[in-house]
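Following this line, the structures themselves.
Next come two complexes built around chain A: one with chain B, the other with chain C.
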Partner chain A sequence: MALKKFVSDDGKKITISVDERFDFSVHQSFRDAYIDADTIGSEFILDLSKTTYMDSSALGMILLLKDHVEKSSSSLKISKPNDTVNKVLEIAQFHRLMTIER
Partner chain B sequence: MTGVTAGLSSKLALVVDDSAMQCKLLSVLLKQQGYRVVTANDGARAVVMYIKYQPDLVLMDVNMPIMNGYEAAKRIKALDKKDNLCPLLFITSLDSEQVYLECIQAGGDGILVRPFTPELIKAKIKSIQRVSDLYSQVKSLQQEQQKDAELAEQLMSGVIESRNFARDKIGILKKAAALFSGDIQLTALSPNGNLNVLLGDFTGHGLRSSIGAIPLAETFSAMTKKGFSLNEIIHQINQRMYKLLPTDLFLAATFVTISNHDKSAYIFNAGLPATYVFDQYGETKFQIESCHPPIGVLPNLIKDVGLTIVPVEPTDRVVLISDGIVEARNIAGDMYGFNRFERDAREALVQERNNLTEHILHKVTEFCQHVPQEDDISLIDIPCSGWEQKQRSNTPRFESKQTNHPGSEENVSWQWRLYLTGSRLAAINPVPIAMSQIQELEGRAEHWQNVFTVLTELFVNALDHGVLKLDSEMKSSPQGFLQYFKEREKRLKSIDKGFVDIELQCYLMPNSGRLVIRISDSGQGFDFDSYQSILNQEEDEADEACQKLCGRGIKLVYQLCESLEYFNNGAAVTASYSWQDE
Partner chain C sequence: MNKVQYLLTGGIVTAVITLVGIVFELPASFAFVTSLVGLICLLMLFKEIKAVYSIPGEQLTSSPNFDEAIVESMLIGINETLNEQMAMVAQEIERSKNLLRDAVSGISDSFKELQGLSATQQQLIAQVLENINGLGDDHSKTMEDFVRDSDNTLENFVEVIVSTSKQSLKTMAYTDDMVKQFDGIFNLISQVENLASQTNLLALNAAIEAARAGDAGRGFAVVANEVRSLSVNSTELNNDIREQILGAREIITSLREAVEKMASADMTSTLESKSNVSEMMNQVQEMNQMSTKIVDELANLAPRMSETVSIGVRSLQFEDMIYQTLGSLDFNFKQLSQLSHSLSTFDKNAVNPAAQLQAIVAECSAISQTTKDKNEHRTVSQVSMDEGEVDLF
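And then the complex of A and B:
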């Protein structure tokens, strides 16, 4: 699987962990990871520590997640992007839109 | 019965068997399935029949004289390549693993071993037909998609980008990964001679990424031609894209204005790799990184973020690139990267002037060798000179000045006024509004460009020096211009009082007309006596002195108008512009 999802015991913390390639191929499973979760007031963590490649459609997917998070008054944090991935996030200036923890 | 079903179907089967008896038997079964049937008795004949009839299904015996089934199957499959899937079923009495493997190797899509019941062969044909139907469905969808992509491509290059300004002077490189690229390159000339350029990269590839292309190109070109500033254009485009595009679709883009008048480049990089300013030796003078999220992500642009102003020399060039260049990979998986790009750009500028685009394309291709291109490759190379405003030096002058003096109110054809105060002065640029009034009332004409220049110069003077009390001395050096601009932004932000009053009066006469522009502001005026005397000096002497005091702006206005007069110690000005119908 190119994508894993962990939910904490209390169900409040949802970690979505993407594998090496974060591109359109994970589109469906990425969406499935958050769309049906009962997530009012949850904390979403997008773990990119294993990701080595990310394209602009991945940025689009993150924006969709952000939309979802805002609608369900949850929070979103991007966690541990490596240098290459962080460069992509930086060029898109995503730190102005969400929290990115290195 | 068989005849009836056969008549309803257009499907054609080719049966190949050296036994006439077997051919007949299979033909009957196929006809019951609704096929029309043709037959051949050896492999060579089968190939000929196949070419002649282009059947929808082939049943092939293995052992036959002249050419066996394997060879015939290979030849038939070689004819088809990938264009067509005509399923080929081997029929044999030899039941061994070896035979099975050879059948598949020869290109067979299945195998039936004798003896079999009619039910079994019917079932087999049905299953193989299912696969082939699916294949032709996929193929027709693919063709449709291809057609759409071709249409989008035609639209993009044929309609949108062919309208670009100065395509011969600006180096543009575009190499799409798919047929239709998500990259868009636009250039347009503003009425004051500034050049606006945009390099954009829509998320993804193909038709989906083209949704925003037309509104983007229209807004960019229309607003540039009306004389809106780069900031205003970006704001408007962002709002349109935000409303139009779905959440996951956006536009990473760099906007550039080259102003020969200000000797500056205005650069706004939202989501693209660094924009470069190179000097004539290819040394990097400035590198402008992305500092704003891509266009269409946020409902409004983030305040105070984005626009960078840098001084440029006429020999400099501004180079925009998309990520497809720096992220192009070679066989080892290494990226072409910024260092190679800078090195190759320098090489291009030192060795083969003006051939930056071709040189970079050559280098990137050389670097990647045969690795297929993953992303669109785009580059725009803009020379920083040659964008001076074309002046119409022979402005037609009025001959009968006395009889129709601008003051005579009863002759006025129309009149228009805009009185802007306080914070509205910071938010609204009245020049495009005035220009669209003039063009709506009097129609489009090339010479309105002169009016645009006059209005812009007079309004900017009233706002900058009158209301904002900025000292034009600051602008004397290119670095000073940047400082001037920053100070201007600061003062604009806190503006809460003051006014600029703009009034237009148009006098129409047979085959000619006059536009009187009156602009006054809340400022204290300026030392306009010495200024007036400068305007009255001879051309050469006046030039230098005038540049020092007020930039080239007012001199230009003076040249374009039939008269230019200051009142109220310089806080009010009346310019009279006249024309003759063409």
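And then the complex of A and C:
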């Protein structure tokens, strides 16, 4: 499984953790990981600490996740991207759209 | 040796020193001093001769022809030496003047050209820098603008890629939903198939019951048969629908692949481009800073250069000074020439040689006086080039 999902006991903190490759192959499981979590005021954390490669579909997935998060007035935080991944995020101007925690 | 001989030797030695001074281009003041010493020697010589001649009595009368002959030969000798040296001096003065004129005009021209070239160079550099910085024309794009545009274009490009990916993924989600719908249809078709086979079975039962009823059931047997063929038809129809949906599913698989390609763009090359643009931006800024620095340095250099050229041009006034010195030398030379002329007028067969000598001596002292007067009014008293006014060019 290239993707792991942890939900806190109160169901308000959802952590999605992606493996080395964050690309189109994970889109289905990525969507499944968040699509049913619609509790108002949840906290979504996208853990990219293990990710070494990310293509544009990953960026698209993050944007869709952001749309979903905004629908339920929740927050989104990207956690610990490595240098390469962080550069991709910077090029896409994601640091203007969401919190990126290094 | 008597006093006359001493003075004669002194005069000749002085003349030789003068000549040597001119040949080795020693200062004009040297020539002047030596010619003065020469003149003084001559004057003293004449005084001596005059003294000899002015003694009345035995010495003059005892051997007058002998003394006159000696005096004449001496005068002729001095005169010859003088003429010889004067010719050389005249030649050297003329040569110095020509050399000086040529050299000075050459240096002066090259200085002026240097100034002109420096100005042209300054203009050209300014022009080049203007082109680089786009200061000259508001409409022209600078390097910096170009790089910034590239950066913007790159950002827009990334934005387009990301939004394409997002839309593709949305499409993907819709497609997945559609596939689920298809699965539902499959389910329904299975139920319909079930119905058809049950109908078929029912029709079969009906046909059996109709056969058992005999003639009375003949008509019902026909209906049962029709119902059975209907159920077969509906099974065929169901199979067609299933095939169509399977075809649609294959198309969806292709659609998935196409959307996947659309959604997945590798960002590596974009990353490289981005870092290239950033690097270029830094370089352009560095270049601009460097250009500004160079412009400042050039601006400082230009006045220094023209000042240096001015100093060079000003230093050329030595030509004028040397000309004046040469002019003085010319004057002294003419005096010498006059002296030579006076000496040549001596005639031993004259009625009164003593009186003639006295006349020559008088002329000599007149010449001496003129030289002294002239020296007092001498314009060139400067020793150093740094002194004096600069209004010669």
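Just so we're on the same page, the second predicted complex is superposed on the first by the 101 of 102 C-alpha atoms of A that agree within 3 Å, B and C clash if a C-alpha of one lies under 4 Å from a C-alpha of the other, contacts with A are read in each partner's own complex, and residues count from 1 in each chain.
Throughout what follows, a residue touches a chain if its C-beta (ideal position, glycine included) is under 8 Å from a C-beta of that chain, and two chains touch if they have at least 3 such contacts.
The shown structure was predicted, so the numbers you read here are calculated from the model rather than taken from an experiment.
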Margin query: Under the stated touch criterion, which partner chain does A:31 make contact with: chain B (first), chain C (second), both, or neither?
Written below: second
Next item on the list: Could you tell me if A:92 is touching chain B, chain C, both of them or neither one (first, second, both, neither)?
Entry: both
Item checked: Touched partner set for A:64, first chain B, second chain C, both or neither -> both
Next item on the list: Would you check which partner chain A:54 touches, where first means chain B only, second means chain C only, and both and neither mean what they say?
Entry: second
Check: So, does A:11 touch the first partner chain B, the second partner chain C, both, or neither?
Finding: neither
Item checked: Footprint overlap on chain A, where chain B in one structure and chain C in the other make contact -> 24, 55-57, 59-61, 63-64, 91-93
Check: Can you list the residues on chain A that touch chain B in the complex?
Finding: 24, 55-57, 59-61, 63-64, 67, 90-94, 96-97
Notebook entry, point to check: Which of the residues in chain A end up touching chain C in this complex?
Noted result: 23-24, 27-28, 31, 54-57, 59-61, 63-64, 84, 87-88, 91-93
Check: Tell me, which parts of chain C touch chain A in their complex?
Finding: 154-155, 158-159, 161-170, 172-173, 176, 260, 263-267, 270-271, 274
Checklist line | Residues of chain B that touch chain A when the two form their complex | finding: 201, 203-204, 247-250, 252, 270-273, 289-294, 297-298, 302, 305, 323, 375
